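Sharing a structure with you now.
Lettered A, B and C in written order, each chain numbered from 1.
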Amino acid sequence: MTLDTALWFAVTYAQLALALAACLAAVRILIGPRAEDRVLGLDALYVAVMLLFIVTGLRLGTPFLFEAALVIAVAGFVSNVALAKFLMRGEVIE
Amino acid sequence: MTRLLPHPLLSLGLLLLWLVLTRFSLGHLVLGSVIALGAGLVFARLEPAVPRRRRVWPLLRLAGIVAVDIVRSNLAVAWLILSDGRNRRSGFVEIPLRLQDPGALALLALILTATPGTAWLEHDRATGVLLLHVFDLKDPEEWRVLIRDRYEALLLEAFG
Amino acid sequence: MTGLETLPPGLAVAVAGLLVLGSTLTLLGAVGLVRLRSFYDRIHAPTLGTSWGAASILLASILVWSWAEDRTVAHELVIGVFLMVTTPVTLMLIGRAALHRSRSAGEAPEDET
């Protein structure tokens, strides 16, 4: 096994592992059971997909996917904070 | 000088961020500086209290300790998830904190949450008691001592 | 694989190792997220992916890009710092929301199994 194929396997493995991680996070979003679990799953999903973008960008050799990863990171943070805040405040009024 | 640059660290950080995200050139330097200065002025309106001077050396030592701890607890938590530890007990710990400074508290919250195995849940401002959730809890007293001596002491030194 | 093929052997080994380590840690975090039984246990799981999982993948990316473009690309540092600062905020808010919700539902969070 040459070094090139080893690197190829490493990148492919990383992509598969991160895709699987995203799927597992999606499972947690689907099964819940509480709303907090779903937000937590969404947070993990965002991180896994962002890392997947970076690894894919490495493989394809384009820097553009990096910008997408940055946008995902920012959007993920803002949406999760908003959701968590809603869980806290939405119930107070109820 | 202080009126034009109320938050020098924030402005410098923003300028560096701008230069890192674009390619370095004179135009971007000027544009980034203008944005950084503007953001500093806006931030001064929002949050008038400029953080006090802090000592850098304890913070650097803290950063080193935290980096080591994050690696160690990563391995520990990964192993616990893999081995599905039946005799693992997680639980809540109430920790009285001596820290008062909001910046220092924020830093401690960041450290504890970024380290796998501990999650900062709630801090009562009036009593200074922190509610922490620990993934692998053996002895609550051990955690109180660990946080007091390992992190809080350095933070008190830096922000004190 | 434009940048990856031209990597010198030492760098290639480092990049491969970092990628495998980082993605494995992220995957383990996701496994924990699904397998752990109580919510307050699950809140610990994603930190695996956001602390060393993300750090080692970003480090691999820094190595490859600085080699390929012959300049140090600090873009990844921005993502790294951003993740470092934002993950605790999100997790803390989710944790507090959970505490708040179980308290207003009249159950003590300590009873969770």
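To be clear about the criterion, a contact is a pair of C-beta atoms (placed from the backbone, for glycine too) under 8 Å apart; a residue touches a chain by one contact, two chains touch by 3 or more.
The structure displayed is predicted, hence computed values, not measured ones.
Undergrad: Report the chain ID whose CA centroid sits closest to the centroid of the full protein CA set.
TA: Closest to the centre of all protein C-alpha atoms: chain C.
Undergrad: Across the interfaces B-C and A-C, which one involves more C-beta pairs in contact?
TA: Per the contact counts, A-C leads.
Undergrad: Which whole number of Å gives the spacing of the CA centres of chain A and chain B?
TA: Their C-alpha centroids are separated by 23 Å.
Undergrad: Please work out the Cα centroid separation of chain B and chain C, and write it as a whole number of Å.
TA: The answer is 17 Å.
Undergrad: Taking the mean of the CA coordinates per chain, how far is chain A from chain C in Å?
TA: One centre to the other, that is 9 Å.
Undergrad: Specify, in ascending order, the residues of chain A that touch 2 or more different other chains.
TA: As it turns out, chain A has no residue touching two or more other chains.
Undergrad: What residues in chain C touch two or more of the other chains?
TA: 29, 31, 43, 45, 50, 75, 78, 87, 91, 96 - these are the residues of chain C that touch more than one other chain.
Undergrad: If you look only at chain C, which of its residues touch chain B in the complex?
TA: 25, 28-29, 31-32, 35-36, 38, 40-41, 43-45, 47-48, 50-52, 74-75, 77-78, 84-85, 87-88, 91-92, 95-96, 99, 109-110
Undergrad: Which residues of chain C touch chain A in the complex?
TA: Residues of chain C touching chain A: 1-5, 7, 9, 12-13, 15-17, 19-20, 22-24, 26-27, 29-31, 33-34, 39, 42-43, 45-46, 49-50, 53-54, 57-58, 60-61, 64-65, 68, 73, 75-76, 78-79, 82-83, 86-87, 89-91, 93-94, 96-98, 100-101, 104.
Undergrad: Considering only the defined contacts, which chain A positions touch chain C in the complex?
TA: 3-4, 6-11, 13-15, 17-18, 20-22, 24-25, 27-28, 34-37, 39-41, 43-44, 47-48, 50-51, 54-55, 57-61, 63, 66, 69-70, 73-74, 77, 80-81, 84-85, 87-88, 91-92
Undergrad: Within their complex, state which residues of chain B touch chain C.
TA: The contact residues of chain B facing chain C are 17, 20-21, 70-71, 74, 77-78, 81-82, 84, 90-92, 109-110, 112-122, 131, 133, 135.
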